[in-house]
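Shown below is the structure under consideration.
Labels run A, B, C and D following the written order; every chain starts at residue 1.
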Amino acid sequence: MDTKTKELRFAVIGWGYWGPKIARNLESLPHASVTMIADLDERRLTGISLQQPWIKTTTELEDVFRSNVDAVVIATPVRTHYRLAKEALLHGKHVLVEKPLTASVEEAEDLVAISRQQNLILMVGHTFEYSPAVNELRKLIQSGDLGKIYSIETERVNLGLFRNDINVIWDLAPHDVSILLYLLGKTPEQVRVQAHAHLQPHIHDVAHLDLEFDDGMNAHIHVSWLHPCKIRRVTIIGDARMAVYDDTNPAEMLKIYNKGADVHADPGVSYRFGESIIPHIDWIEPLRLECEDFANSIRTGLLPRAHGGVGLQVVKVLAAVQEKLDMQEKDDATLVA
Amino acid sequence: MDTKTKELRFAVIGWGYWGPKIARNLESLPHASVTMIADLDERRLTGISLQQPWIKTTTELEDVFRSNVDAVVIATPVRTHYRLAKEALLHGKHVLVEKPLTASVEEAEDLVAISRQQNLILMVGHTFEYSPAVNELRKLIQSGDLGKIYSIETERVNLGLFRNDINVIWDLAPHDVSILLYLLGKTPEQVRVQAHAHLQPHIHDVAHLDLEFDDGMNAHIHVSWLHPCKIRRVTIIGDARMAVYDDTNPAEMLKIYNKGADVHADPGVSYRFGESIIPHIDWIEPLRLECEDFANSIRTGLLPRAHGGVGLQVVKVLAAVQEKLDMQEKDDATLVA
Amino acid sequence: MDTKTKELRFAVIGWGYWGPKIARNLESLPHASVTMIADLDERRLTGISLQQPWIKTTTELEDVFRSNVDAVVIATPVRTHYRLAKEALLHGKHVLVEKPLTASVEEAEDLVAISRQQNLILMVGHTFEYSPAVNELRKLIQSGDLGKIYSIETERVNLGLFRNDINVIWDLAPHDVSILLYLLGKTPEQVRVQAHAHLQPHIHDVAHLDLEFDDGMNAHIHVSWLHPCKIRRVTIIGDARMAVYDDTNPAEMLKIYNKGADVHADPGVSYRFGESIIPHIDWIEPLRLECEDFANSIRTGLLPRAHGGVGLQVVKVLAAVQEKLDMQEKDDATLVA
Amino acid sequence: MDTKTKELRFAVIGWGYWGPKIARNLESLPHASVTMIADLDERRLTGISLQQPWIKTTTELEDVFRSNVDAVVIATPVRTHYRLAKEALLHGKHVLVEKPLTASVEEAEDLVAISRQQNLILMVGHTFEYSPAVNELRKLIQSGDLGKIYSIETERVNLGLFRNDINVIWDLAPHDVSILLYLLGKTPEQVRVQAHAHLQPHIHDVAHLDLEFDDGMNAHIHVSWLHPCKIRRVTIIGDARMAVYDDTNPAEMLKIYNKGADVHADPGVSYRFGESIIPHIDWIEPLRLECEDFANSIRTGLLPRAHGGVGLQVVKVLAAVQEKLDMQEKDDATLVA
């Protein structure tokens, strides 16, 4: 039988913000359907029974694991990711977990190991790795068009959405860390962090992360739930060219600047100024491409782009940042005279 | 004799970027004239002799100190500020020094002390304290219109102008630190820093500063010589309202956002969204107002807004940042697992 | 029986660009469902049969008129509007026609007359009359906040979508004319036009319309299929204040400028410059509100906002513009010496 | 004697808005000086006597004509241009007249004829012909990079500066008409106009001009003194590419869009979407280049770019527009049914 047309059945656990979005995209794939939706809160499931009565809904997660679905999407709070994904894998289901993959490095390592033993797909919802703009940017970097990369700055700020189970680093920075690792194909060696909890005690709502890579390259990540403007921007500083990816500007999502500075033996630094280019990007919804990759991986057995190992790398960076943050809490700042 | 119409004679030492700008503004004041210009590089002085032959030019700084000018403007490299300003004060001249006031806390303290002993005006070129937009923003903060201030973010980045005598922190951050101290009327207690030297060894060209104040407020300063876009922005996060001051957007230099987040006992965080307001600002060139304040202080003996004591506070912050930077150099970052 | 909960059955004729959008919105209303979809092109209907097999599809329009639906949506080419709407009304169906209502004044007048005789709702798809931003703007004008209105400028330009059955005036200007009539509550007295057919012979793709109202007010409409940028902007010039509505800028869709010019007896004109205000607008999809208004009118018998009479007024303006355009074709331009 | 170093003496008549700007630029040229300034209003001349006592000032225009200056700049109200320029030419002076050259075609023709007879330079202050951005745009058009030009749209609107001697067409449109003629190298064949006098009776403050060229190309000019935003934009629609020149956006003054629409035999119109390019433009102040061109023409006898003949062409277009406007005044609009 042709694996390309094999009918795939999906279940979704968690019917909050991401669950319905992913379900809609899976539904729109050829030869794929969502046959079961689970949530602990029965009220969330009411609408489904009315509008799509052919989908089975349940508040018992065991129903999902024991069902005949091929794959499970886990769109629940982070602290539950590990337990649910493990259970699903052990029941022989392929698994797509919302980002971040887990709440700790150990948990992520365990999931990756189990998925290998079970020969099942483990994937994490790093949606931005599927963004056409990010992929265009990656080509620019990997081809050397930007030259040696000095530095990358990312900003992901807005008013809201505050959470009370995780801080802004675990909530928003997974996007930026996954973008960075995907663009660069490597992992930072060490991290620093400056973070503040303004609204809720002990839940940091503003953070600046500094990541250092082996060759002197550094990246800076600014995430915040407390900002007047919605900013989603990545700035790449190469020694040949520079680029800005602005996810909030559909007409000019990517801009490449032919400009830079050069150091000379004696008289110092000179500057180059040339044209800027805004490439045309054929836009496809990243979540759609992510769902396609999941379905395709299930059918072929090939690793998806955002496979469990990638999710583990991101969790390693987040965990190092959290460790640094826990340690410092005012110990190592320098007093002003 | 009316002090308001007393004729003031100014000398300018250093005829590079700032010297001519300040001279032009001093010249345009009523009852004020620039009568002497000094620079070690004779070639810089040639144009002056041709176009304004009544101004005396010299490469001997002693000529300035021994002349009959009332006041001296020092627009030379930072490392020479202390020596030149001290000399001028000891010769009985009022002094305006370009920012930062000096290269160390001790130097700044000494200049402040000497100016008091000599009963002379010592002022520092914190131009942004004279910006009408910054003053509008200060009124908003001081009146409580923005509520309790959680956080301030500043960005001052562009491609260039690299220097080889000081790093980007001493070059650009004096503007941001002086704006912060002026807006808030208080000094940070401790500082952290993340900085990188990409182009020239040991001369940091990108830096992120984190300043903590007594009441949990924090400020973040991003300065860079290595960025594709010119950004000069200050974002204020208050618990009642938020504001953005964008110095590169003359038509909308200040925008006040009636929005925010509120914490509740139980169910978490709620959001407020209201109108935004762009106040009309009557624009006067800040450098013009700075020169007026200098002339006025000389005439009245009253402290100018950006007096030596303010310059000292800014140097204290910069010095603490530099100390932190020197100490850390990779000691206290956290390794990624 | 409560009319508010009476179940309404809708049919949609024409399954191109607008048909599916309106159907989705009607489906999402309480107590409403789309039960029949018709299109002359069978291929367009295939997807529906697969995904929503409970909806009846047909290529025979007679099936619609003879069915038990309460109301018919007509989303077909303009030249067919009159015939289809008339047929539907005569079969006792309420009717929502895409804009413009008809291709001529006579047709529109006839439809309005029939709908009155039949005591049925006749509505036209003037979506922008349901835009929250347009309604905010209307309040500003009607309340006198902007003062006497001197002039309104509208722009609706982009690359595409060229049509070969109607020119850009009949395609895009219905939006602007309906916005103007709705904002002002009155109709222009006379019109001028400048239009050009660059790509397809005799099908004008760029047009500038000038509308004059009774009290010296004028409006200018610029529509184009041939422009590098997507612009959808309405600028209102009042003698007290001015306003810009930019439909492509969700964060600042409406901006009110406290500025203006005043004429004086003798010395001429003086200027006022004050703050600008960006009101917060609670956004609801206009098409959703339009569909709600249609359903509500059917249930209550009250006229919808965009009723047939409004559609007729817009067609009158478009027809006058077309007449002027046909007449002038190079007769009345002035030769350059 | 080398004509390149011949010392040139300039007089300026009219010390309002443009006079001082042009004088400052002439002064900064090598081997050039302003030696005389004339204005009927003595108060305007006071400042000059104080700050630049070596410049002769006068309220008697005859003083200028009888002086030993080589050339005269005429920066006075339009109605006086002809008389003053003629007088200056007849006294053997080269002449630079602010735009528009004259108030009528006959006057402009006469000045051109006199300057030829006298073998003197007659130039008009079409500053935008010296803008580096306009010249970059001209290269794009002339080289064929944009393809066949379908249409050009220009906007020049702002709040102010109202005048009471001429309408907005004669005040602002000379810039746009001169840009168009310079870009295209040809003159429109016929014109249409829509204009309104909102503030001052009979002095139109808003106007839309439509110019038709021989090959079906058209241009549209929108000028206004009554608009909330400052817009100075030129949009070029070519069949190969499109371009926007935005004079208010220094960082992106010119943007070239690789996009367009193509007509096909049967199925209609298809679209091309490619990258956009923002060329780097080495910026030099256009007024400086204009003054250089004037000085250079005087020295070499070669025609300047914006010579009298160009000024005449622009006046011809403006006069045709005015004639059309005078004729139509509500005669030829079409009544709405």
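As a working rule, a residue touches a chain if its C-beta (ideal position, glycine included) is under 8 Å from a C-beta of that chain, and two chains touch if they have at least 3 such contacts.
Everything quoted here is computed from the prediction, not taken from an experiment.
Farthest from subunit B in terms of Cα centroid separation is C.
Chain copies subunit A and subunit C are related through a rotation whose angle, from the C-alpha fit, is 180° to the nearest 5. One inter-chain figure worth recording: subunit A and subunit B are separated by 40 Å, centre to centre, where each centre is the mean of the chain's CA atoms. Averaged C-alpha coordinates put the centre of subunit B at 54 Å from the centre of subunit C.
The residues of subunit C that reach two or more other chains are 229, 259, 273, listed in rising order. Across the complex, subunit C is touched by residues 105, 150-151, 153, 159-160, 162, 164, 187-192, 194, 196, 198-200, 206, 208, 210, 212, 216, 218, 220, 222, 225-229, 235, 237, 242-244, 255, 257, 259-261, 263, 268-269, 271, 273, 316-317, 319-321, 323-324, 327, 330, 332-337 of subunit D. By the touch criterion given at the top, residues 252, 258-259, 273-280 of subunit B touch subunit C in their complex.
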